[in-house]
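We call the chains A, B, C and D, going by the order they appear; numbering starts again at 1 in every chain.
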Amino acid sequence: MLLSHSDTIRWIQRYRDLIADNVDELNKLDAAIGDGDFGASMQRGLNAVVAVLGPGEPDSIGKLLHTVGTTLVSAMGGTSGPLVGTVFTKMARVVGDVDAVEASALVVAFRAAADGVGVLGGAERGDKTMLDSLLPAVEAMEAVVGGDHTLQTVLHSAAEAARTGAERTIELHARKGRASYVGSGGVGCIDPGATGMRYMFAALHDVVGEGIHYSEGTQ
Amino acid sequence: MKKLINDPAEVVADALTGMAAVHPDMLTIHRNPDFIRRRNSPVAGKVALVSGGGSGHEPMHGGFVGIGMLDAACPGAVFTSPSANQIQAAAAAVATEAGVLFIVKNYTGDRLNFTMAAEWLADDGIPCEVVLVDDDVAVENSTHTAGRRGTGATVLVEKIAGAAAEQGRSLLAVAQLARRVNAGARSMGLALTSSTVPHVGSPNFVIGDAEVELGVGIHGEPGRRRIPHAPVKELVALLSEAVIGDLPFVAGDRVIAFTNGLGGTPLIELYIAAGELAACCAAHGLTVARSLAGSYITALEMAGCTITLLRVDDEMLELWDAPVTTAALRW
Amino acid sequence: MKKLINDPAEVVADALTGMAAVHPDMLTIHRNPDFIRRRNSPVAGKVALVSGGGSGHEPMHGGFVGIGMLDAACPGAVFTSPSANQIQAAAAAVATEAGVLFIVKNYTGDRLNFTMAAEWLADDGIPCEVVLVDDDVAVENSTHTAGRRGTGATVLVEKIAGAAAEQGRSLLAVAQLARRVNAGARSMGLALTSSTVPHVGSPNFVIGDAEVELGVGIHGEPGRRRIPHAPVKELVALLSEAVIGDLPFVAGDRVIAFTNGLGGTPLIELYIAAGELAACCAAHGLTVARSLAGSYITALEMAGCTITLLRVDDEMLELWDAPVTTAALRW
Amino acid sequence: MLLSHSDTIRWIQRYRDLIADNVDELNKLDAAIGDGDFGASMQRGLNAVVAVLGPGEPDSIGKLLHTVGTTLVSAMGGTSGPLVGTVFTKMARVVGDVDAVEASALVVAFRAAADGVGVLGGAERGDKTMLDSLLPAVEAMEAVVGGDHTLQTVLHSAAEAARTGAERTIELHARKGRASYVGSGGVGCIDPGATGMRYMFAALHDVVGEGIHYSEGTQ
């Protein structure tokens, strides 16, 4: 099973919807240990993205993901704009000008994305950032991919790991971003950025989990 | 949430419309991407100063655009750093062959976006320097934080660097001076009330009726410590001890003393706080060479203040005194 | 009550101490009786302008003392008119042979005390004129009231009359001009929140979370009408309809449009309101010749705004544009 | 019975004490239909007055009342400063350089005070101002003085009339002062200035009612 061009568009749309459904929660998570704009920023960014995506436009998954990334950077601003944007521009480079992506390539793309976020933001695992759901998700995918797992299973493990990772940020002491200013280091609060990443993986799993697009693939 | 706004999503756009209406003699407003630019910019031969940050801090930075200060300012969404694209567009609009100086408050978002924009400018062959402002002693300066935040010193850096640029100094000279100003400045703030981001609709945090939040951030970030409310004499003493002890400022130093309101505190209270700050300086043997008191860096309608001290030399004082014609600072 | 103050009884004294510390280049502070005087006043041959009123409206009036505006300002206790003795002392300190002009907001207390002081000055042979400012259309102008209150127009009268005095015009000429400015100005305000007089300790009145008080006074006097909170576009339309219809301002008029914050409203909101005011003016065919937006006449920490329109002619515009060097207005 | 110099001083001290005891009430009455400073102003003024009065200083009742009036004007400001100050400066002129005052002269002095307030402030009876307790008090005194009433009885009637007058301001629609700005005209609220006058008469009655100073007088 492959991730198709239209899956990718539906992923982004679903991601937008999940963020919209949870925008207040995300703002509130950010208000507690930051400045309260994370949900609004993600929503503004994804609305802009959805507005520029046409039915078959841009015409390859790589180009599409690149457009998603650059649109997020320009429409979001903030800390999350460049970082979440980087997730997509890095994936775009790995995926290239194709109209379907296999699970293995997708995992490599997500690894590149996580590395890119790490380099740009300078954060490490455990710093209470979006990396704390992004990295576990990538590692979970890497652990199962290549066996006889379907794309669905791979993405299921990613979504689960991202969710757990996000929830566990509640225990972490922030060392990066605005939450590092808070006296408590934000211990006791869930990181908004990690929660945003969780929705990104949930959206992808939702879209692929709905099944539908069984093209001929490796698994 | 009761504010004089229309749609929360249009707050920045509507405020820009208002700025354009009020200051047609000084500013030109560009929309999509949004930036505020000095009238008749670019100014040939002059290093262009560009700053920006989230909205909600007015008059910073748009109110500092004009002769003797900034060439352009990029307002992000409320409390949200402007995007790299926005910054690039603003810089491109005002850049000269003398280059562009970015004055960036040290927040992760601002750093990321300004740095990206700086790289894009460099790719386009425009010389560009980035100066970080990180004066807030409320944040521990360790590897366990994102580093100190930029607060009150920003106004001082922008004024003094702006005057130097106006004199025709080189990009490197202006950048070096700006870094020197930042290095000699320290700030700390406190809040009596929180503030409400329009699209959130409820306050970022709640401060009890008898409490004060010490070390609060200008984006409504919770501070480091809650203390019982006390006479302003004691509160300003707390802030200034932290500020003075950090650099440290020592007896004999000449300083600019800046008492800044966070948006909801009226001027009568700021004058009282400024008087207490002057008294603290005197008690430490510091000579207040110049003072500034007013709401220049706000956090929406937050009640509270920040205090900033800058150790000055003759050069900085001369540049501080140099003419400036902006919406918020003018002399 | 959470304020940046020490003892409520010392609020005015402490604020004066702060003003003295912040503006040594412009102002001299006199204590007991309290007044703020222009540095190097009296200015030989120039009509001396003296104003004043209760404290709690900062920067009015002390922030308007300086070159091109007032020679002295008398701050009363919070929301309390200064005493006749205080006014007399201030006037005596800055008076010249050209005489003294009192600019008085039309409140019973201000009228009584300034009138008494004017009589005492006359007894001492100092020529003195009193100009009343009464621009607030929220008050019916009938024998059933104390007459209209002075609000936003005060700044405009003081600036324009100040510039005329600086040019060396006679007492009668300056008084006449000041009356002409007042006659061409109308204002109205609204509040989102009330404010707390320090020695009272609780708000003068309470406005519900979803309500706006229309026609509020700058001393926290309750207004004439409560309406549900609405987008600022609608609120400013209400205020400007009342203001425009009263004079009335008619298509083709040139105006100065002044959006004033009441103390607790941050600049970002004032800019939005100013943009709406400009739109209302345009819709009525009024040409906005100049604009002013900021918190110049406050009511302690009250959130809200007043809008003022002044019909101008070339003479008034030229005087408005003339240089001014005060703590609050400077160009 | 006469009002002596020391009675006069004790009157002013008692007046100061009554205002101090009721300062919050007076501020609140003023907050409801004005700007909330009336109690504080009266208190500041009377504290200043008490500070300048010595045991036999100034040395006549006329001079003493004059000092009270001018000190109130200079220490109070506001609307009430000149008006309440006028009460005492007008009385001073009628009373003159004496060290005791008969009831009849006192009533003439209060009449002059009321007229002075009327001229200075331009208010009439029923305008919801301090005149609405001052005038009834003067009229009540005028009605009983000269008969076989003691100074105590005269002042009792004044205190009663002032109290009733102040209370009845609740029904009045303000036509003067800051209360005239309020939409309702302040109907339903008691006027602070009239209440202040009420305490002035209560203080005088308290002091004379304590009896004590029976010097040889007309009654």
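As a working rule, contacts are C-beta pairs under 8 Å (C-beta built on N, C-alpha and C of every residue); 3 or more make two chains touch, one makes a residue touch a chain.
Everything quoted here is computed from the prediction, not taken from an experiment.
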Once the contact rule is applied, which chains count as partners of both chain A and chain C? B
Between the Cα centroids of chain B and chain C the separation in whole angstrom comes to 29
Indicate the whole-number Å distance between the mean C-alpha point of chain C and the mean C-alpha point of chain D. 33
Distance in whole angstrom between the CA centres of chain A and chain D is 77
Need the CA-centroid distance for the pair chain B / chain D, whole Å please. 55
In chain B, residues with contacts to at least two other chains: none
Where in chain A do residues touch two or more of the other chains? none
Which category does the touching pattern between chains fall into here: line, ring, star, complete, or other? line
Every touching pair of chains is listed here as A-B, B-C, C-D
State the interface residues of chain C toward chain B in the complex, per the touch definition above. 2-7, 11, 14-23, 55-56, 58-59, 63, 192-193, 209-210, 212, 229, 231-233, 235, 259, 263-278, 288, 291-293, 295, 298, 300-301, 303-305, 325, 330-331
Taking the touch rule as given, give the residues of chain B at its contact with chain A in the complex, in rising order. 33, 54, 76-86, 107-109, 112-113, 116, 138-139, 143-146, 149, 197, 199-200, 204-205, 215, 217, 219-225
Spell out the part of chain D that touches chain C in their complex, as residue ranges. 24, 27-28, 31-37, 40-41, 44, 73-83, 120-121, 173, 175-178, 180-183, 185
